Each structure stands twice: as C-alpha cells, then as structure tokens.
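Chain lettering (A, B and C) follows the sequence in which the chains are written, and residue indices restart at 1 in each chain.
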C-alpha cells in the first residue's frame, strides 16, 4: 500500500499518460539542482541530527501552519511563540488532527511523499496514524543516514543555494567547504537589510556593513564599495546569485549626484516622502551594474505585503504565513534598470511574481525580448499542479523554453525537496505530452526538452 | 427527447465521467441551501400565483435582458420602462426569437433546465416553439403546485435567504413565520442605503432609521445603536448574515473621535473629498465589530461599477444589466478591519469578487490564513461551468476546501434555483473526479467532500 | 513526411477529436476574411516579385526577431540596422540556427505551415536544412504564382484590410482598384499621427492634414472637418473601419468649448500636464461621433508600452519586438464615450486587449450589454492555441458568440495568413467540440456556429 500512485499528475488519456510516463522515466533520476531556497546553512555545516519530527517537518513550514491558523488552531498548539506546547509529540498530533485540511493542496502531496519516500510511512497522516508515524520518524532521525549531508546525497542534490544576509559571516558554508564535503551549498547575497531603509535597524546594519568591509558606509561611494566587497566575499564562498525581495519591482536610474543626495538624506535619518521606495529602486539598478562586473545573477521578487497581521508579527514574528500578494506591474517598473544595462550580454536577471496576471501580460513579453531577462518558476503559492500548468500555458507561447530560469523549490522544508522536484517534473512531462498529443511538438523534441526543464535550465540560468 | 443530457458537465474521459456520475448520484438530491439570494420575500409571505411566463422567467432577469440589449432589442419590447409592451405573450416571443444568443452561456443551461424540469417543456425555445412553451407554462402557473411555497418544497430547499434593506419592515418574512409554514426564509441585513453617503436619499434614510429604532441617528453613537437595533430585529426574524455591496473593499479603523467627526461632517451634509469612501470603509469595520457581538456573518462584495449607462438608469432604473466590474484589490483594503477584529474566533467574513485575478493573488492566500475569512463562491458573471472550474483550480491549492463558504445562487430567478445548484454540483463532481483521476485525492475523500461542496460548507459558513 | 499533422490542435479524446474533424471539414475552405492587418499596400498595388526568403519571411516579422534578440542575437545578424548583414542567405542561416527556440510557440506553427503549404518545404528548419529550404523558396519566388496577388487568390482571401496613416495618399489601394483586380484590399483609417500630441512631428502632421483637406487645422472645427474629409476619402477607397492605438483606453466627452480650448492649447504648443492624454481621450469620442455619421467601424486597442528599449528604438526604429503590455482597465475609461453615443444603433466599436484579466472582468460584461460594443479576437501575444482557448473559455459564457468581432490575423507576415486562420479555425472547432462533448451545446448548433467563427462574425462586424 502506498500514498503515491506511479501515474500521479499525468494526463488521463492513454496516449498522453503513456508518453508522460516515458518522458518522466528519462528525467526522474536526474540530479536535483536547487538554486534558490531557504534551508538552514547550519544543517549543512554542522551536520547534526534533527531533534524531532515536528520541528523538522511541521513547525517551521508556514505553508502548513498557516492552514491550521486559518481554522483557528493557536500558534501555541503548533509549538510557536511565548506559551508554546513543549511536547513535539503533541504538536505532531495537532498537525495530524488537521491534516485533512490539506486535501487538494500541494502541501499534501509534498508531506505524503516526504513521509513515504524519506521515512517509509505509507499511511496517510490522521488522528489515528499520528502516533505510529511519529514513532517511525523519531526512530529514524538519530540514524546517520538521516543527518543533513546524508539526506543531501540520498536526495540526489548536485547543488543547493541558501539565502543569506549581506551581513552574514557564512561560517556554515565555510565549514562545509573546509570539511571537503562533496556537497555543494552556495550562499546567495540577500542585501535587503542594508538596502531597504524601512528594514528594522537599517542604520545599524549599515554601520555593521562598514565594519565588515572597512568601507565608509556613511558615504554613497563607500556604501557601494561595501556591497562590492561583500559580493566578492559571497562569490569566494561559492555564490552565483543575489536575491532581492522588494515591496514593488520599481527600479530607478538616477544621476550619480542625485543618487548620492538621496543616500545622504536617508543616511542622515531625514528621508523625504518616497525616498525609501526610490532608494530601493535605485539600488536594484546599482546591483545590476555590479552584476555586470562580477557575474552574480540578479533575482528580483516583488509584490508581497509582509506580515499582514500586526498582532501575529508582534507576538510570533515574521514568516508565519501572513505574507499576502498584491497587484504588481513590471513593465514600467523595470524600464530604468533595463535601459541602463539590459542589453549587456554579461547580465542575467531572474524575475519572480506572485501575481499570475503578469505572466501573459508582462513577464513572457519582457523575457521574450530582453536578453538579460529570464522568468523564474511558478513560485510560493503557485508551485503546484494547477499553478505550474497555468505557468506553462501562459508563458511558453510567448517566451518559449529558453527564456526561463528552470525550476527551483524555494523551500526551508528540507524533506519536501525531492517531492517538490518530483511534482514539477511530473507536471512538466504532462505538459510536454500535451504538446505532443495536440501536435504542437514532436515527440523527439519533448524528450530533448524534458531534461532542460528538470535541471538544465536552472544550471544554465544560475551559472552552476 | 430532452434538453438535458444526464452526463452534462462531466469529464469526457470514461474513468472521470463514471466517477463524476457516482459522486453526483450521492449528492444530487441533497437539500438546497441558499444563503445569499434575491428572491422577493413577498412571494414567500403571500404565496400568490405567478401571473405569466414572461414576468416570472424573463423580464426581471437582467442576465437575460442584457444579452438582448447587447443586440439592439429595446427595453420596451422586453416589457420594461415607459412604453413597455403590455402583452406577456409578445414579450415571450421576443425572448424566444433571441434565445439563440445564449448558446454557450450558463443562462441557456438554467433556462433549459427550468423549462424542462419545472414546466415539462422539452423543446428548446425558438421562434417556432415560443407559443407552445408559453401555453404550457401559462397553463401550469395557476395550479397550486406552482405557487411559491409549493415550488420551495418541490425544489428541495431547506433554507433560503433574501436580501433586505435595513429599513425594511420584513412583513413578508413575518407573515411566513406567522403562517407556521415549514419553509425557512431568512432575511439578510443589507444596510447600504444607510451606510453609503452616496446612496440616493441618504439623509432621509438616516432619519427613517432613527424613527424605526428610537435612536438619535443625528449622532455617531446613536447611529451605531440604531444599527444594533435593526440587526437585532433582523436576527429575531431569522437573519444569520449581513451583506455589503461597496464600490471598493476598502476598510478603515479610525479612532472613536475621528469616526465621530467624520460622521458629523457627513450628517451635516458637509463632507470633504474622500469622506464617503472613508465612511463606507469605517462602517465595514463597525459592522465587523457588531458581528463579533451578535454573530451575523459579514458578507463583502466590491468592485462593480453600477449603472454604466446614465440614460438606461434614468429611463429604466437600476439592475438592467449595466453593472460592470472594475479591477479590485483586497490585500491592503482589508488590512484595517482584519487587524481590528480578524483574529476573533466569533467573526466570520465572506468575501466575493468579480475580478478573477484576485483568486490566486489575494483571496486564496487571505482566506488560507485569517481565521475569520471565508471565500464566497464564483459569483455573478462567474457562476458558470468555466467560471467554477477556474475558481476551483485557482483557489483550492492555497485555501483548501474548508476555507470556502460553499455555493450560493445569488439569484432573483426563482425557477432557475434548482438548475443553478445542479450546475454547481455537477462541476464540483467533475472537479473532484479530476483530482482523483490525476491521483491528487483518494476516491473515498472525494465522496466525503462532495456533500460539503453541495451544501455542507454553506450551512457551516452561514450558521444555518 | 509532413510538418503538419491533420489532427493538430484537436481534442485528444476520440469523440471530441472526431467531432472537431467533422466541424473543421465544413469550414477549412471558407474564404479568409482579414479585416485588420498590416500587409504592405504596395504589394497589392504593385504586385512585384518578392526579393528573397529572409526579407519576406523573417526580418520584418518582429514576433520572430524578438525571440532571437532575447537570446542575444544581434540586429545586424538579422539584417536590421546600420551594419546589417547584406547576404539574405546568411540571415536565413541565423534564423534557422535559432529556430529551435520557437518550440511550443505559435510562431513555429505559422512558419512550419507557411514553409510546407506555401513553398513545399517539409523538413523543419534547422542548421542542417537551412540551405535547402532557402533554395527551395528562392527558386519559387520569381514565379508568377508567388507574386502578391496570386498568393491572395491562392490563399482564398476574400477581403483584406491594411492599416494606413490618415495622411497616406492610398496610391497602392487606388492602383489595385484601377487595375480592376478582383482582390479586395481595404484601407483602414489610422489617425494616431494626427490625434496623439505625443506623436513625433505632431504639429507638422496637422499642417499636412490641413493641406490635404483644405481645412483649417489650426482651429478645432477645421481640424474635425479635416478628419471628416479624410475619412470620406478612405471610405471612397473602400475603408470600412478606423483603428486607434492609444496608450490607454481613456475616453472623454468635453463640452464643445472645453474641447476647443484644449485643442488650442495643444495646437499652440503650450499643453498643460495631462492634456495629451485628455486630447486622445476626447478624440476617441469625436471619432465615435463621426462613425455614427459615416459608418466606419471604430477599433480601439490600448495598453502597450511602445519601444521599451530606448537604445533599440534609436538604433533600429520602432516595431522591433519591444512593445510590452501594461495593466489596463476599460470600464471607467470607456464610460464617457459610451454615454455619449453608445446606445446609437449605427455605431460599432471593436475592443482589443493585451491584458487577459480584462476578458472576464470587463470586456465580456461590457460587450454583453452595450449594443455598440464587439469584442475583438485574442490578439498580438494571444492569437495562439492557449491564448485562444483562454479567450473562448473566458468570454463566451458572458458575451455569447454574437457580441464578438470574429477572428483577424493582425499580421504583416503575408505567408503566415493562411496558417493563422487555420490555427484559429482548428482551435474554434476544438472548443465547439468541447461544448458538445460536455453537453453544453447541441451538435447541430456547433455546425451552425463554426462558419460564424471562421469568417461570418468578421464580415458582419466590419460591414464587409
């Protein structure tokens, strides 16, 4: 008995299903390339045993906790916050009691597959099976083959990127390198805390940036030099990309003098209205200019209203499932950056969206003509069966396949990584089969494109 | 010969179709729960014979008249306005002459099914069949089993909500109660006329609200008390929900002093620019606060530009098919209300949209985390085969099933009610079958979820 | 061996595919009606031999060149701009080398079909086949049956519209008429250059408009009279429509005095902020008023940000694939025009969008009630298999079929015209088959509607 049907996510018609099966057989065992994600670098550097099923599989995964929140389950019961339930088994029981809520969601597919493929648990999680599942997992966690690096190898990962503050010392990446471990764990330069004037502690962050780099971050040129220095350090530690999460995708290309004046106002703590947004906008263009020089792939994601509940943010912190998308438009927003450096062959910019109306309206048309632009995969709420189908159907006809950045899993849920890539590969094979059965693509082409979608485009986009 | 194929709206593949059939068999006869609609309370209270086929089935249904308007048919010919055609048979003939226009629309499915299932008319409406259909219906209308209460019972309705002005005396609801009729007809508190400063006669409406409640609606606290009193009256008469149709979903949470000052400006007839919008915004939050106290479910729909043609509104009134959606965004708009009361377990807010781009971008993410929020069904232009499919595909992966408010028919077209629920149930069974045949859901789960979609979620959401 | 499967784009299920085949058989040979396009009038007037494969099939088609641009191919290599490659065979080789990029795009279907059906080239374009394909085409071009008028006849075109500046002398249309050629080539009145104050050389254009018409285009009434005169000239030369490409769909209905004052400010070169947008808005309403009088069908398309790269525009001109859509909303924008003349039975307005979120939100609801409005076909980035399916699924349920303007190919790529209509007809037959197999339409109705979608609606909409 299994939770996982071998034909899951494939077309229902016989010809399409058979073709999807055949395509999938050729790519299912290809290495996992994970160029954008949120696993904890400490796991890879320290390689310690995971403590318990709940803190590994449930509590930190806000895809999961948000669903329970929506049905009135308290954060405390999920092991989060001031009065958190201390017993991981009871937390697990709460999760299992509400697991029925995930029917029809991608989270269900990911958890099912993680339980079965990683831990050999083949009964669906429920109030009845909660204890047995907990025991089965808890028994395995202390074994050496369930430590992080063993999982990396068992999952067939060939490279995985983390996301790291510009101020991070990357000690765990260094540790992994020093151990001469064969795994490839790349840091990603994420400088939001030193670029966004609205970020908590922004002034202190800039001071710290100055200390780390011996640059005068009190002045515009020194501040830019400090970025250059940190980027060089990240590159030394293996980074191939930077990542920028802004409220909007707005970019700017001010004159050097205007940029300096803007920086001075912000640094002096006397910003005018709109300065924070304008500074973020200007800095995307500055980052793109540095990318032209140092080769880091520039990732831009925008359009999430973070921490929608003040009360939840104050009591339980960020990343609690309360980040909600807003409408976004890229066309005019990206124009300054693109006109500054968009035709330079050395530049790669990967765009992500949470507003699917931008797929056919803006992103496929933009990525289908600007040489520097690649479209990132369906992302966050959209890396799911239906979300991926909408993405392929919306994007391919205008942008083709070669203007895409390939799949990435964007997750902190380590054990779900193989499942996420499995889902993406299945949906892509189903899509390719659909192209063939409607005679929009030759069968041989489908077999040639399948491995690109599985990992080839990601390797190419992120220069791995 | 029949207009209605038993497999209509089911999947085309054999396995999916058979499963959809089996699922549908288990739910097709479940009671109809109709928690949001626009049937005339007088029908239920008075239980009089309907006068003729045209005024029952065609003229008041702006889904139907708008299509004829779009092809140049005059309102007069449809029996509307100053020089209205007086002969219902000739109006019917005009409808039948243009019935071909509805090919491919849900209106066609609803009318076909109403004609066949309610009146035994199995020939599609056309110039040729117009007279016979008219006669067949006209012959039946005087019979006791075609009076409103008999139809309620025959349709298998277990509860139906009407939509009623806050100033309404609910005499027909009272009459139905006093008659000890077994039917359940619930009023819904719709206070737009006393909340929207742009509503015609707003000042007079507030005076009247004061008279009805013995509250001083010249002052902010008295005005709020008057709402409390009317809500209590509606609850006494069976109401479980309020309904709010605003141009935008904007909410506000002003200080008590600011709210009072705002009210005073408006009440004095000296609003500043933006005051009307701000007052509507503030009142949604006030209504939510009252809902926390009295338990009425708060329904918000927004984003329709009403009466797009001034000339049509002036000559023929509102609700003539000229309400056109505009872009809408909920994320920032709802933030004040949600931060005020959104974590209170006593609150239920049902959201409706006419802008489908909000499904995946905002509504599923919002309802998938805020405990008070439920997403209403595809609505107005979207309660159709394709509209429902887009809704399920867009919403389920992020919000699951339990954050939905279930189906409602939202109609004034009495005889279409069974057809509308039939269409919804069929499309939902097709969707569930699709989940099973692609191995995203177990078959047993599909059978458990089907009755929830048919009426269980609606009963739960509306506290019936 | 063939590039073209006879069942391409049809449903995969047997019943649907067989029905689509049967439907397609009845319409595939119907005349091509092309009421909106961009073929060069000189072709039709002069009827000269095309010079070479590259300049006929590749270089001017920005759908094709933009894809190569996106992958870093230089304009020069594609034969465009200052240092353009002079050898058409080498340009063709560059195209063929990158033809794999079009996998999954409609361009691939169009080029494949043009090569095979028009030129007998049945091997897919690739580095290997480039030379043979070039030779095969180059050999045919000098033959009389490959001249423009012969192709018109061979393609089964019954009418084709071009798009022409208001200042054009229409000499090639005149030539075609004077030759008594049986082909029907209609000019379209495109007055953007004399309506948009932001257009290059606007003031000179107005002077020229005055010279051509003997009207005083220094004054508002004279300017309007000049439009009337040019429209009359276009109508004399066969025009049945005007076409307006504005940044936004905004319309206005100023008083005569305000319109005159606005014109005076603009004509004097002293526009205030917002005047250009307001003038374009006012002129759409003025054009609609003239349409009421003279019967030209008014086409409005909006929402493209033109020439997104300044550098590309300056070095290589407009229409290089850098026109990118932006969000658009029609509901409030069209209200002034519609309230001015929207109920006049003499008016027809065809709306086009590049923002698919407007299909269900605004365009189907608008066209489903206003008698003057027709919805144009999926367009530009969206006249593709998936784009057309989204259009049908999104539009039909609210607007039906009779509020649509039918298909048009909107292309300057002459040899792709049969392929574009073939794709549209196939997708429409697949859609009709889907309606029948899900029992939303009778089979007989599908056969009646298919020819309307193929060309009947276009003939009706454009008064051909």
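Here are a few things to note about the model shown:
Everything below uses one rule, namely that a residue touches a chain if its C-beta (ideal position, glycine included) is under 8 Å from a C-beta of that chain, and two chains touch if they have at least 3 such contacts.
By chain, with names taken from UniProt: A, B, C = Uronate isomerase.
Fair warning: this is a prediction, and the values are worked out from it, not measured in the lab.
The angle of the rotation superposing subunit B (Uronate isomerase) on subunit C (Uronate isomerase), based on CA atoms and rounded to the nearest 5, is 120 degrees. Here subunit A (Uronate isomerase) and subunit C (Uronate isomerase) face each other with different sets of residues for the most part; under half of the interface numbers are shared between them. Distance between chain centres (mean CA atoms), subunit A (Uronate isomerase) to subunit C (Uronate isomerase): 40 Å. Touching of two or more other chains is recorded for residues 13, 327, 357 of subunit C (Uronate isomerase).
Chain contact summary for the complex, subunit A (Uronate isomerase) toward subunit C (Uronate isomerase): residues 11, 13, 15-16, 327, 329, 331-332, 335, 338-339, 342-343, 345, 357, 360-362, 364-371, 373, 393-394, 396-403, 434-435, 437-442, 445, 449.
Of all the residues in subunit C (Uronate isomerase), the ones that touch subunit A (Uronate isomerase) in their complex are 5, 7-10, 12-13, 66-67, 69-72, 101-106, 108-109, 124, 305, 308-312, 321-322, 324-327, 354-357, 381-382, 384-387, 390.
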